[in-house]
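Take a look at the structure set out below.
Per-chain numbering from 1; labels A, B, C and D assigned in written order.
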Amino acid sequence: MNPVNYLYLAALLFTIGATGVLIRRNAIVLFMCVELMLNACNLALVAFSRMHGNLDGQIIAFFVMVVAAAEVVVGLAIIVSLFRSRHSASVDDASLMKL
Amino acid sequence: MSFPLLTATAVLPALGAIATAAVPAARRTAAKWLALLVSLGTLALAVTVLVRYDPDGDRYQLTESHSWIADFGVRYELGVDGIAVALIALTALLIPFIILAGWHDADPLETGHKRWRPTQGFFALILAVEAMVIISFEATDVFLFYIFFEAMLIPMYFLIGGFGDRAHEHGEETAATQRSYAAVKFLLYNLAGGLIMLAAVIGLYVVAGNFSLTEIAEARANGSLDMATNTERWLFLGFFFAFAVKAPLWPLHTWLPNAMGEATAPVAVLITAVVDKVGTFAMLRFCLGLFPEASKWATPAILVLALISIIYGALLAVGQRDIKRLVAYASISHFGFIILGIFAMTSQGQSGATLYMVNHGISTAALMLVAGFLISRRGSRLIADYGGVQKVAPVLAGTFLIGGLATLSLPGLAPFVSEFLVLVGTFARYPAVGIIATFGIVLAALYVLVLYQRTMTGPVKPEVAKMPDLRIRELVVVAPLIALLILLGVYPKPVTDIVNPAVKQTMSDVQKKDPQPEVEAAK
Amino acid sequence: MSASAVHSLWTMAADPIEKIDAPKIEYGQLSPTLIVIGAAILGILIEAFVPRRSRYYAQVFLSAVALAAAFAAVVGLAAGGYATTKAGIAAMGAIAVDGPALFLQGTILLAGLLGVFTFAERRLDPVAHGNRVDSFAAQAASVPGSDSEKAAVKAGFTTTEVFPLLLFAIGGMLIFPAANDLLTLFIALEVLSLPLYLLCALARRKRLVSQEAAVKYFLLGAFASAFTLFGIALLYGYAGSVSYATIAQVVDGTVQNVTPALADTMGNDALLLVGTAMLVMGLLFKVGAVPFHMWTPDVYQGAPTPVTGFMAAATKVAAFGALLRVLYVVLPGLRWDWRPVMWAVAIVTMLAGAIVAITQTDIKRLLAYSSIAHAGFILAGVIAASPEGVSSVLFYLGAYSFVTIGAFAVVTLVRDAGGEATHLSKWAGLGRRSPLVAAVFAVFLLAFAGIPLTSGFAGKFAVFKAAAEGGAGAIVVIGVISSAIAAFFYIRVIVLMFFSEPRPEGPTVAVPSPLTTTAIAVGVAVTVVLGVAPQYFLDLASQAGVFVR
Amino acid sequence: MENLIALLVAAPLLGAAVLLCGGRRLDAVGHWIGTVLAAVSFVIGAVLFADMLGKDAEAREIGQHLFSWIPVEGFQADIAFQLDQLSMTFVLLITGVGTLIHLYSIGYMEHDERRRRFFGYLNLFLAAMLLLVLADNYLLLYVGWEGVGLASYLLIGFWQHKPSAATAAKKAFLVNRVGDMGLSIAIMLMFTTFGTFAFGPVLESAGETSEGKLTAIALMLLLAACGKSAQVPLQSWLGDAMEGPTPVSALIHAATMVTAGVYLIVRSADIFNLAPDAQLVTTVVGAVTLLFGAIVGCAKDDIKKALAGSTMSQIGYMVLAAGLGPIGYVFAIMHLVTHGFFKAGLFLGAGSVMHGMNDEVDMRKYGGLRKYMPVTFVTFGLGYLAIIGFPGLSGFFSKDKIIEAAFAKGGTEGWILGGVALLGAAITAYYMTRVMLMTFFGEERWRSRPTASPDQPDVEPAAEHQGAHAEPHPHESPRSMTIPMIVLAFGSVFAGAFFGIGDRFVHWLEPVTGHKHGHPPVSALTITLSTVAVLVLGAGLAYLHYGRRPVPAVAPRGSLLTRAARRDLLQDDFNHVVLVRGGEHLTRSLVYVDHTLVDGVVNGTAASVGGLSGRLRKLQNGYARSYAVSMFGGAAVLIAATLLMRAV
């Protein structure tokens, strides 16, 4: 299969993730969409790695996974604490600060 | 290395400001005396500068030059020509009077916070302004000038916004609001002007590579610096805009009546007699000096604006109900004359303009300070609240009248000499402009005399019946100013002698020759 | 060891394995970062092993010493010529040790040190149950207003973890502007961001707002990271490498041994341009440029003020450093493409920041918009695309970070019953109550406004000068117009402090410990010194203005 | 001798300085200091005069250079004096009459608590006036010119507590300022044309420039003269100026200052001679004013205002004569001097009457006073005869010469001007007879009787101050007042004959002003006879109106012309409507413009930025997802823009 197709897929996934961020309200889902975007990047990296015949992309993908895991740790901590104080994970409820 | 006299003249009031600010809260009187002494010391230094200045010597004298910010091409370069010397002397002369006149203006009304020290602040700020004004007169480096041109806004701003007339017809609350409005307006106008100038200063650096007046002039003279016509014009406009705000020139003038109206009289004098002079001074030194061609290009428009200022300012002065605003509009009219003289580009016009700066400083100081004494007695700035003061306080009225007569340029008093020179100088090149400007002298008579009539003559109003005449301190402030007005009106030669060579230089900067008379009259 | 000769660590692995070379790490040159990260790890251990009562002192001591040592290391490296003649690439091409990197690292470390001081301040909040408390939540995990929180407060708990978090963030920031390949850049970005997200959530008072700020920052930050990463992926796809030097060569077309795949992707400008745009967007998010600025006001407002101060100063420094390196090292060949776009961003940022700030009513939000406007001014220097541009940006960043930390430190002092009194109306008449504090804050505001004789003016002049020399005269004009607009709201605060009558129920000014006092004093001193005699620092910045490739 | 010239000015200047700065402790002696210094000045003048007489006519001009005043590149103004016959004439008139009036004032102002100040102002006036006539250049003349204006301002408004006085003073100064504009423009023109404005060089080289320039200069000088000498159209201030104390009216607004305009024209003779158009305008101004003043004088019931109208009219004669050129200059000055005597005398007489009548000025409340104040009556009467040109008295000689010269102008102009001058003489006789009759003859209308209702229209406001209702006790004035009156009466009687017979005055002034003998189309005798005839006619008519019939104590409504004349021929109304009201409207609208437009633009800009801020601020709505939208959109734009940059 033409490696470019993987890139299209990656772009598609990235867009889906971004759209999710824009339209979903639940912070957890939002965060998952971000993860989806990161994985779309991973896909692109791996595809490029394959195209260029070097391993850089694939190694980066591993790093990204680690980073994503770290993000989960931090992110969930924050989101959960928010949820516990407000009993809601909707990001739209978290709008005390404006203007 | 010789003693850095120019630096000392600026540094002394700066140090004085710090020292005054540091005087403990309870020792108010000590702070006042300290400030007064420092200002007198500065005056002594300024007089030394005056004495050491040799009218027949180099263009810039007593020069000091040190590297400062090499990255910006900025040097700490000081030097004075005749115009600067005259204005430094004026500044140093007026400050002691301003301090003395404002002796009680900043006494705290009630015992506020124990660390609240308005008195110390007031006098420290005045000295700070003095320091900055003096150094901007001395700077021969554009950047150095610019820095202090801008920085002096800050102490001025606090002086305007922080200290106002004690009583106000609408109560202290309104007074505070109007005061801070005036202060903000002052600052924003001038800051906007200054920032536009900043763009031009940067542009100048890009074009010239350094900021030294002398070097740039030299480079332009020997052709190594070639400014494109359009560049020069844009840069000129950038500089001129800032100076026109400061001066102020119509239609950028509206901050002045507010500022002068709301500030205490001594501060109003500081604004119009001292700080604003930096604007007109800078037009002479920087606009004409750096951008002669563009100056000539812009002259017609500037003359028109100056004319409008003269007539418009005078007419508005006639229409004012507030004494201090009236003086402010009168000043706008006078600044029109100064700018007219500068851009007429004749020796008489420019000498007249320089002389005008000095004389206007003294005459406005006299008028405004007496007005301040008057206002402090009655607690109102409205002309309508006075009447018949002449009867109860003849000396006050008399000095007020002399200040007023100086403002309307009565021959025999100093402003006449300068105003006439400006008119003659303008007329020589632009007869129509000269004639229209002459209408200003009628209007000046109108607003001064109307003011005098309404406040000083007529039946004595009950509110002013108990008004005391001038006190000794106040007399000490006013009498020397009046003496100077008369002296410089009859014998202005000491000033013109200092100014003339500098004007000659400026004329050669712009490569203009005086129009020659049609008939070479037999001498 | 030239950059191109060193093939990156990763590609070697693809070859048949005969022996594994130990990676060559220049520990000396990396020592600032290593010290800080080591201290951070040590800080974690302290949390684990040191008794609760002593943790605070241990952490403060450790952090301060580590930062000071790291700063000393930076100075040592700079003195040793690593900023100029010996500048080079370290850690197998991952990290650049050169002038801009060292300059910015030094700035970040000093800002971090002042940050530690403000973090450690325990005199401002009233003593709770016999315990001195700082700005951070007693126990972050407890729900605001819950019994467990009250118990934690009563027990005198404090979140001493903030110090290791701070050190981690600083560690990331140190790497960020020095990163010499895109992967390092990304890792550094995350290392600096994640602790900050957490720190934002840790306010002692107004915890809901604080958590909200953290969530917003986190979600948007992660969102931006994803864009950055996708940009990185595309650039990698374009150049077949993440090394700055290699990408630059590919962009310039000077690359040797072009493989067929590379030849293929090299021709695809879309990869390059879209990748560049997305990468730059991620960096612009960090610097708070319009339209990626919208997190700034909320986060600045919600985060604990010491964190805001530190973040506003140090993050901006690090992010601009990274942006400069990307634009100047990776993409100079693309100058004609990114400059117009950055022009637009700079203009919009300057204007929007200044205009929106006018109507703000909260001092922290006001400063946030101010920081947006300043990002615009700095971008004007970035656009210059010249060594002068680099050094002017470096200088501006140095000047700006101290003003910012100082200003936010002053904000922590003005308090009422609900903690910090950040609503502007409460600042009315502050000049009457506490002339000194108000005067100090006025100095900072004037520096923000760019009034001469303050560092703000020197910095502004430097970037505008560089921009004008780089032919961006229009930017300068718009810059001064924005400055004029911006001046309005700085002045509004001064008016409020000095010319308004104090309110009877107004806030009090807490007397800080020497820690905050030091931070403020250093801020004032730097502001004035850089304003009056900037030459030494300008020299420093201009010597440090050359990137190594 | 030259060095005395400065002393001439210095003496009264010193007096002014001492009196004004000296403070209360000089109150007791202040008036004597002032009077003595005025006399000193007169003595110096006399010494100089004697010295001058001892020289040949051509060598009489002397000068004194004190110092360089305004030395500026290409511009030289000196403080320097020039004393020639013309100046000498004025010096003697000023110091002589001045000293007398100082003396008079000692009595007249006896009860005024601010007498010292009054004398200070008088001395200031003398100094300024002497400076005016002694200056050797136009700029220094200008200083004196404004100096006398200032003194006039101070003295008109001396009783400042009266709003009318303060207003009158202001008005005088302002109208004069309009004239001063003319003087300064004239000086500027001289400077650009000749490069100097010293009398000598300018006048010598006047011929070297175009007539147009000279006409412009001359017209501007005329404008200045109109202001100072109360000539149409700048005459309106003089009537109001009568608010000042009467000695002031006598000295400044009759004898000396108001004649400065004539001095200026005669001094600039060389310019006017070469600008015939300007001369024509000058004569027209003179003729119109002559009639104007005379008509106004007929209608006024206020004795001082009637005399003021007369002054205006007489100066009209002088200006007319001056406009005639070399045939008239000498006579203009001659009339000026004789007028100085008799008009000062008349005013002092009027003052004496007022002094005895509780400061009443309304002639309708006089009558039959000759019995009570005989000296005043006699001196006033002599002045009266002199002014109407009774043969043999001063006015006869001088006025007759002017009428002759007017006819001698030649052509239609000559006839018109001569006719006007003749008509003026008739009206002069009429109004002066009216004044004389109303004041000294007829029934004693000041005796107690029901006073007129106060709201009666056209009652001069000055009559309404306190004391007007108490019955006065007319009495002769003290010695210090009568002596000056007597001296001036001598002058009124004999000066004309002394000057006129044998053309003594012509020979005296000729070296300075030049003189040509005029040749009127009819013989001089005819003119003289017709002058006498119209005089009799005018006086007779007045007798019919005021001598035969009782004078109503309240002014009748009168004809349209009378009513207009009472209001200065509606000139003031015009000023009020056009200048005052118009000016008020202008300033008020400008204040509005300044506030709304000039300030408004700036405030509007600020407000719109603020509004924009408010709207942009709403974008920051607190929803993280909308922030994300902004970022996403931003990224899209960024990408699109980057791609676009490559595309273009």
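Quick note on the criterion: a contact is a pair of C-beta atoms (placed from the backbone, for glycine too) under 8 Å apart; a residue touches a chain by one contact, two chains touch by 3 or more.
Model, not experiment: these values are computed from the prediction.
Chains making contact with subunit A as well as with subunit C: D. With B-D and B-C as the two chain pairs, more C-beta contacts join B-D. Among the remaining chains, D is positioned farthest from subunit C, on the basis of C-alpha centroids.
Among the chains, the centre nearest to the mean of all shown protein C-alpha atoms is found for B. With centres taken as mean Cα positions, subunit B sits 65 Å from subunit A. Inter-chain centre distance (subunit B to subunit D, centres taken as mean C-alpha positions): 37 Å. Centroid to centroid, with C-alpha atoms defining each point, subunit B and subunit C lie 45 Å apart.
Note on chain placement: the centre of subunit C and the centre of subunit D lie 80 Å apart, centres being C-alpha means. Annotation for subunit C: residues 215-216, 219, 223, 227, 297-298, 488 touch two or more other chains.
Shared interface positions of subunit D, i.e. residues touching 2 or more other chains, are given as 606, 617, 620, 622, 624, 628.
Of all residues in subunit A, those touching 2 or more other chains are 18, 21, 30, 91, 94-98, listed in ascending order.
Here the touching chains pair up as A-C, A-D, B-C, B-D, C-D. The part of subunit D that touches subunit B in the complex is made up of residues 20, 67-75, 79, 117, 139, 142-143, 145-147, 150, 153, 157, 160-163, 165-167, 169-170, 173-174, 177-178, 180-181, 184-185, 187-189, 191-196, 200-202, 204-205, 208-209, 213, 583, 586-588, 590-591, 594, 598-599, 601-602, 606. If you check the complex, the residues on subunit A that touch subunit D are 18, 21-23, 25, 30, 91-92, 94-99. Within the complex, the subunit A residues that touch subunit C are 7, 10, 14, 17-18, 21, 27, 30-31, 34, 37-38, 40-41, 44-45, 47-49, 51-57, 59-60, 63-64, 67, 70-71, 74-75, 77-79, 81-82, 84-86, 91, 94-98. Those residues of subunit B lying in contact with subunit C across their complex are 67-72, 112-113, 115-117, 121, 146-148, 150-151, 153-154, 157-158, 161-162, 173, 176, 179-180, 183-184, 187-188, 191-192, 195-196, 198-199, 202-203, 205-206. Here subunit D touches subunit C in the complex through residues 606, 609-610, 612-614, 616-617, 619-620, 622, 624, 626-628, 630-631, 633-635, 637-639, 641-643, 645-646, going by the rule given at the top.
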